[in-house]
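Labels run A, B, C, D, E, F, G and H following the written order; every chain starts at residue 1.
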Amino acid sequence: MNKQQILQLFEAVQKGKLTPEAAAERLQHLPDEDLGFAKIDHHRVLRQGMPETVYAPGKTPEQVEEIVRRMLRHSPNVLVTRATRVMAARVKRVAKDAQFHTLSGSIAIRRDTTQYARGAILVVSAGTSDIPVAEEAVVAAELMGNPVSHLYDVGVAGIHRLMTRREELSKARVIICVAGMEGALPSVVAGLVAAPVIAVPTSVGYGASFKGVTALLAMLNSCASNVAVVNIDNGFGAACFATMVNRCSEPRP
Amino acid sequence: MNKQQILQLFEAVQKGKLTPEAAAERLQHLPDEDLGFAKIDHHRVLRQGMPETVYAPGKTPEQVEEIVRRMLRHSPNVLVTRATRVMAARVKRVAKDAQFHTLSGSIAIRRDTTQYARGAILVVSAGTSDIPVAEEAVVAAELMGNPVSHLYDVGVAGIHRLMTRREELSKARVIICVAGMEGALPSVVAGLVAAPVIAVPTSVGYGASFKGVTALLAMLNSCASNVAVVNIDNGFGAACFATMVNRCSEPRP
Amino acid sequence: MNKQQILQLFEAVQKGKLTPEAAAERLQHLPDEDLGFAKIDHHRVLRQGMPETVYAPGKTPEQVEEIVRRMLRHSPNVLVTRATRVMAARVKRVAKDAQFHTLSGSIAIRRDTTQYARGAILVVSAGTSDIPVAEEAVVAAELMGNPVSHLYDVGVAGIHRLMTRREELSKARVIICVAGMEGALPSVVAGLVAAPVIAVPTSVGYGASFKGVTALLAMLNSCASNVAVVNIDNGFGAACFATMVNRCSEPRP
Amino acid sequence: MNKQQILQLFEAVQKGKLTPEAAAERLQHLPDEDLGFAKIDHHRVLRQGMPETVYAPGKTPEQVEEIVRRMLRHSPNVLVTRATRVMAARVKRVAKDAQFHTLSGSIAIRRDTTQYARGAILVVSAGTSDIPVAEEAVVAAELMGNPVSHLYDVGVAGIHRLMTRREELSKARVIICVAGMEGALPSVVAGLVAAPVIAVPTSVGYGASFKGVTALLAMLNSCASNVAVVNIDNGFGAACFATMVNRCSEPRP
Amino acid sequence: MNKQQILQLFEAVQKGKLTPEAAAERLQHLPDEDLGFAKIDHHRVLRQGMPETVYAPGKTPEQVEEIVRRMLRHSPNVLVTRATRVMAARVKRVAKDAQFHTLSGSIAIRRDTTQYARGAILVVSAGTSDIPVAEEAVVAAELMGNPVSHLYDVGVAGIHRLMTRREELSKARVIICVAGMEGALPSVVAGLVAAPVIAVPTSVGYGASFKGVTALLAMLNSCASNVAVVNIDNGFGAACFATMVNRCSEPRP
Amino acid sequence: MNKQQILQLFEAVQKGKLTPEAAAERLQHLPDEDLGFAKIDHHRVLRQGMPETVYAPGKTPEQVEEIVRRMLRHSPNVLVTRATRVMAARVKRVAKDAQFHTLSGSIAIRRDTTQYARGAILVVSAGTSDIPVAEEAVVAAELMGNPVSHLYDVGVAGIHRLMTRREELSKARVIICVAGMEGALPSVVAGLVAAPVIAVPTSVGYGASFKGVTALLAMLNSCASNVAVVNIDNGFGAACFATMVNRCSEPRP
Amino acid sequence: MNKQQILQLFEAVQKGKLTPEAAAERLQHLPDEDLGFAKIDHHRVLRQGMPETVYAPGKTPEQVEEIVRRMLRHSPNVLVTRATRVMAARVKRVAKDAQFHTLSGSIAIRRDTTQYARGAILVVSAGTSDIPVAEEAVVAAELMGNPVSHLYDVGVAGIHRLMTRREELSKARVIICVAGMEGALPSVVAGLVAAPVIAVPTSVGYGASFKGVTALLAMLNSCASNVAVVNIDNGFGAACFATMVNRCSEPRP
Amino acid sequence: MNKQQILQLFEAVQKGKLTPEAAAERLQHLPDEDLGFAKIDHHRVLRQGMPETVYAPGKTPEQVEEIVRRMLRHSPNVLVTRATRVMAARVKRVAKDAQFHTLSGSIAIRRDTTQYARGAILVVSAGTSDIPVAEEAVVAAELMGNPVSHLYDVGVAGIHRLMTRREELSKARVIICVAGMEGALPSVVAGLVAAPVIAVPTSVGYGASFKGVTALLAMLNSCASNVAVVNIDNGFGAACFATMVNRCSEPRP
């Protein structure tokens, strides 16, 4: 029930078509969010261009295909994360334009290519093994209508490679910083820029890396104050958060 | 805004005192729970006799006194948990009938002595050091209008003491079972009865007891299936949960 | 040796068929629980209708079939938890009426359909991935003779869906609340009702969800006081505990 | 050495005042960041209005006084976090306009009151005990030149209080969400808005709250995707991050 | 009710003083362990000479004094562990012969000096800081009637000191091995002897020693197979266990 | 070099066949344990009848076969732990008398059937799933020449089953107590006997059982003082320790 | 751009071929490490003979082959760690001289056999299962141009074996000490020598060994002060560190 | 018994003063390390100049004074770590030349000022709060006869400060790298040098820094391979290890 319907309810009472008691009764049984239309409208604007998303692990290729088919009915953009090649083949049956990004296992369908924000999102990653998570962030952020670039293999043990790319770092409005093992990269990057840095620990490493916990803890304890952290391997979540940051800097309608 | 007020709104429109637009506008700004009065009334019945509660740690005796004073204006029963003797003296200034239970540091003011449920709550504890937490549960459960009894010092290393009290165990409608160290008591007790057993781990122990974590984990892994667990040392929470169980067995109005 | 047998022992002494010494000797060697018949009878009433249960993991389909066959000799209702489709096929050989619930892997044989308690148990779950654990609770609670209903996919990040179902929540005598990831649902649900809420953490999530530990800890720290917790993924245990709560509110024979 | 100085170096060579060898030698010994002036200028703009900050624990009141005295020579705004009343008295000797916020122990000196960003930062907190951390965020964010408002005591166990404040939530450009115990608030808040939510776990709780670890883990596993997390009790860090987000949405000079 | 009483019960029935029904009734209400006298007698023999024990932390000197006074009524030997000098002074009021061992804080009253087992218990410890726990084991084991000797400061980083004492090691019937930090001593000692080694981790260390957890884990993973472990700092428990081992090798009465 | 050889060295010097310098030189290069023959002899007695043992995981059936073949050359008894059926078949090629115990995966070859100690070792276990570990202890303890009996399925949630077997418990000289989940059994058993109880946690359980860690911690915190603990699932180690305890009670040669 | 190029830049300005402005501009865009040529040269000397290294897990045999092919173009020595037999076969296609070490899964190609340091590196290991990690260290250290020897199977439970090899221990300039389970070996070894001991915990063990964490913690808490630790199973890292130690003792060019 | 004594033993036999049997007997009872004099002599050279060390926590000022007094009888250099000002005053009574370093609480008495190694040890630290641990390393390394310099406050969030000091970094033979919080500094430093880097995590930080555990884990997972780690806050241990590295590069006598 939107504002229009509520207005009609009062008008019906005004016109004598409905008793106040009957109208009050009907109002009681409304789901309460129906009253919040202004906010929902407002949200809709900000949410425009956000893809429907499927987390593939634990689903069969058939299930993924079917879910994507249904999503495409109302959403122009769809993202499947952590998918297999077999899943991608199934999805292409219902969407020939689906792109499969092999490193991250992301399947992206992008039919709405509007740019919903102008700030640049830069995805930085430390080691070669961190690239799948970084790529998941890149693919997702692009699908959400952001200008995205990336900078891979700039781990802190070879700090020179990072130092020569400061220009690119300082141009970004938001930085997503992906690292496993000791998770030191976000601290160094955040010290070089005046932008928010979203740190993504990865499960890369062995032994006392504890599947990403060490990197996660290191990032939470960053001595740089412009760092916030998402869950281990959560490239998609970092892209969502970065998109929110990026969009909130746009003039609102 | 209760049902009466909503009705008046519609009546005002009916009578032409308010345009439908103005009424719709006013409705938009209502806090949504105001529409849920029936449920709130229903809750009120079940919540009758629940004491207002103050968690004392981190507060000064003066603050405790002041909070209790204000609570007494609308609540007949008040409970202060983990209080000191000094706090109790301050509270007695505003409530001469306040009782201080020294072992648990509970201050209880009980002016509504209605019995809100008839089932017996039995509080069982393992070692002498567990008694403060057990007593907190006893005091709180009594203040909530339950018939309460207790059975202390029946730890599993002297299983005979527990076995001779099976009669009392089987009479209880709900059992609160308090234990530190290896936290084994709830499993044994739950195996002897056909009632829900609420397990309360205590921080009693040293070394690998990890301030109650060992007892907590043991209780969560109970091989008896009628055991559920609350937080470490949370005698008060166990009493609340037990009260809910006890009251839900009363005929509803 | 039941009460009758003890009486016969004394009568034998009375009649001179047995010396006091021989009778005392015989008594010494009795298993002690034989003396506790009254309590056991009492238990029997409360335990009526509880199914025999098999935890399937680690057993072969043949073993499951054989165990079920033997159980059916003395128990009308049998539950196999976390079973596979192959196990279900084997079980159907010995019980054509066995139902296989694919999401949770529960096999249920229900020949005693008596309703042992009248209060409604409501199973609420947060995300799609939590449904298998929720379903295990539903199937088990039904088999134990409770009226059961459920409410799925009402996670806290879309709080509106939950808010519109408050009516259903408030009708339940006991609520089982199933959630993975941040495990926030039980706190919100418990704040909306005046009934005991049994929280079941699930191993749903990745990275810092630590296979359900995060959800478990969150639930133990609920700011609502009518929450108690069972082990991770323990839908069956929650159903048992809820049944105990539900039955303890029935008039005793 | 800024661009001007480098230019002068080359001009000195051009004019024959310096040999190429001497110039090259002098260049070798420059700190390398001196070459990055464009970026530094750029940073300076974004960093304008950021206060100098002192973390008080482990320092004597005398040390705090002395550090603040020196900071005030070059920085108009100074913040001391987690200070005591005694420290505040010492600081007032060197800065009569210092404000002491007792709940958070923050000492704020604000002489540059420029508003460096226009977006609203909203600080939301769950329980009364979380207010000190929330207040630290509020004080810091204001000192950094942001419009700041707050919404306290809207914990998830009383979800109605939060639901009635959705208007305020949806107006914020960035939200800082502070909660201890089960740390559920950020998930609920993030589900109600389309803005980035910075989650701050607090060490509020006892037993299995593990001094904030439970809240931290819960927040990292939020089922809402617009949540990122900072360290336990780090109200100051959340304010810094929020300020970066807020400023990056301003038109750049 | 001992065997005598049960016999009298049957005799009363035999003599017609009691009906079988009344006797059966009376028997029902007996605590069940009263029937187990033979076993209890048997235990009594093995338990002879075991001191009554008080764990002092959390008690006032007055309470310790009072508890000891009461214990001395029925127990010739009394042990107070982790006591203070002030407590020792209070205890001496009621037992002039009380010995205070300052390093471990043990107060020992030994009036029954019977030697209950002949095997030698040897207490070995690694560093100087481990001596308090070792001494607690020595004092307790002596009070329990064992021949006890000790070997201190034979940590593994100076393996020569240990190697020169192999003679003493091989003479012991049971070894208690006390170590903090890396907890390596029990493995080395156990490799040198053919006796059971009871490992006691201590909370000695800092940083990643985690208050004894590292030593505890190391001992549980000993590559020697004649090692079993007790709780951190539990010198008393090790002495009890060693006494059981020592006594079980005595001919039974 | 045994005592004989050392004597010959001195005799050679005495007889002038060797200069003191040459003899001293030769002595310098001796492995030092060669001097310790008396102790080694002594050990040999206690070690008689201890089987050579192979830990099978990570080895191929061929490797197991080959290792066993070589062991049989000098050791009459051989034990292979955690082996597969295929490994057992291979071992039977070299030892037709090898017994395969399927539950625990133990392969036992027993050619020396001497009874090296007379005390009874009793292996007690809690649930059905704990039997493999219990059986490993039984098989190993028998192979080491102990009289062994067992008592399975006496978990604490059905305490009656345990209580009726107290006679067997009290006859044991050493008890090995095997339990997973909450690990409560050793505390109850140890409270019923006056013998040393060796607790073996098992990895049985799920969720917060953490593969045996919960049971391990519970056992370390036993409120009974005659309990010591070995590593998770370490039935073999418990058998070794129990054998040492049992043998140390034999008269020494 | 090396020093020469910078000099040319200044000379160009001196000679009027370049304006100061253009020269300053060009300088701005230089990667900053180009200025650090002296240090890089210096590094090159120390890095001579270090092999290019591939961590095989997660790569296909084809990828490993391709990576090795490219590495061999500029590096005489190449190491592949944790490789399979299949990978080794592929690598031999491009390098017939590749050696496959089956225990550690190391593939070594050594074409530069220069000895870059003269000090002896000794690799010591505790149990048979630790040999793969030890061998990885041996192979890597040899490839890096060190004289390497090893000493296996000298675990602390049979301390005699270690004691007889003290001569070899004391000859080493650096010791790499590999152990799993309780990780006690480095403490004992370090106590016997006056050389740096690099401790490598292995994931050998089960239950409370927590895949090497126990050994890691034990080593970090070594009571010997000449011990430093690398990550679990990191034989390669230990070899690198040992090489650095060994080379830093060579006279510098 | 040194070589001389052994020789005398053989001479006594040669001269007929002792029978071979008596001599063999006497030899049996020698502590075995007495035979190892050559090695001990060798050690002595490497150990020359190592100070006697007292770990002050848990000791009274009187005890520290007394221990130092005794140590000075045979050792020219003495170090007291983590001492208080009061302890320093007591030590000055027995050693007027004692130096008290207030930041680290180190008391140093240095009477042997020989330089035992020529390589430079550089101590690098991240934040101001890490200086006490760094200073402990500096003081200890100097007392052990090394040339020592330091570089403080070069945390990774301000990477420029570190980059400008690369010259100093590359001159060091060994680097001790001290950092708390995210512990990222050793990775960056190790990437800039070709020397061994000993990483010292500090307990600096709050919340998820877990008193240094986060820094410790990060350092163990360093992506640079020339990093090894010591215990949290163990500045002294790092100095010892660095000294061993430094001395092992000296020509041996």
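Convention: a contact is a pair of C-beta atoms (placed from the backbone, for glycine too) under 8 Å apart; a residue touches a chain by one contact, two chains touch by 3 or more.
Please read all numbers here as calculations on a predicted model, not as lab measurements.
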- Query: Chains in contact with chain C and with chain G: which ones?
  - Reply: A, D, E, F
- Task: Please name the chain that ends up farthest from chain A once chain centres are defined by their CA atoms averaged.
- Result: E
- Can we say the copies chain A and chain H touch using the same residue numbers, with more than half in common, or are the two sides different? same
- Query: Measuring from the mean C-alpha position of chain D to the mean C-alpha position of chain E, what distance in angstrom results?
  - Reply: 56
- Query: Which integer distance in Å separates the CA centroid of chain A from that of chain B?
  - Reply: 41
- chain E-chain F separation of Cα centroids, rounded to whole Å: 24
- What are the residues of chain A that contact at least two other chains? 32, 163, 207-209, 213, 216, 220-221, 231
- Task: Could you run through all the chain pairs that touch each other?
- Result: A-B, A-C, A-D, A-G, A-H, B-C, B-D, B-E, B-F, C-D, C-E, C-F, D-G, D-H, E-F, E-G, E-H, F-G, F-H, G-H
- chain B-facing residues of chain F, complex: 126-127, 155-159, 163, 181-184, 187-188, 190-192, 205, 207-210, 213-215, 217-224
- Which positions of chain F touch chain E when the two form their complex? 32, 36, 39, 42-43, 46-47, 119, 163, 166-167, 170, 173-174, 193-196, 198, 216, 220-221, 225-231, 236-238, 240-241, 244-245, 247-250
- Message: Residue numbers of chain C touching chain A in their complex, please.
- Response: 129, 160, 163-164, 206-209
- Query: Which bits of chain D are touching chain H when the two form their complex?
  - Reply: 31-33, 58, 201, 203, 211-213, 216, 231-234
- Query: Mind pulling up the chain F residues that touch chain H in the complex?
  - Reply: 3, 6-7, 9-11, 13-14, 16, 19-21, 23-24, 27-28, 30, 32, 35, 38
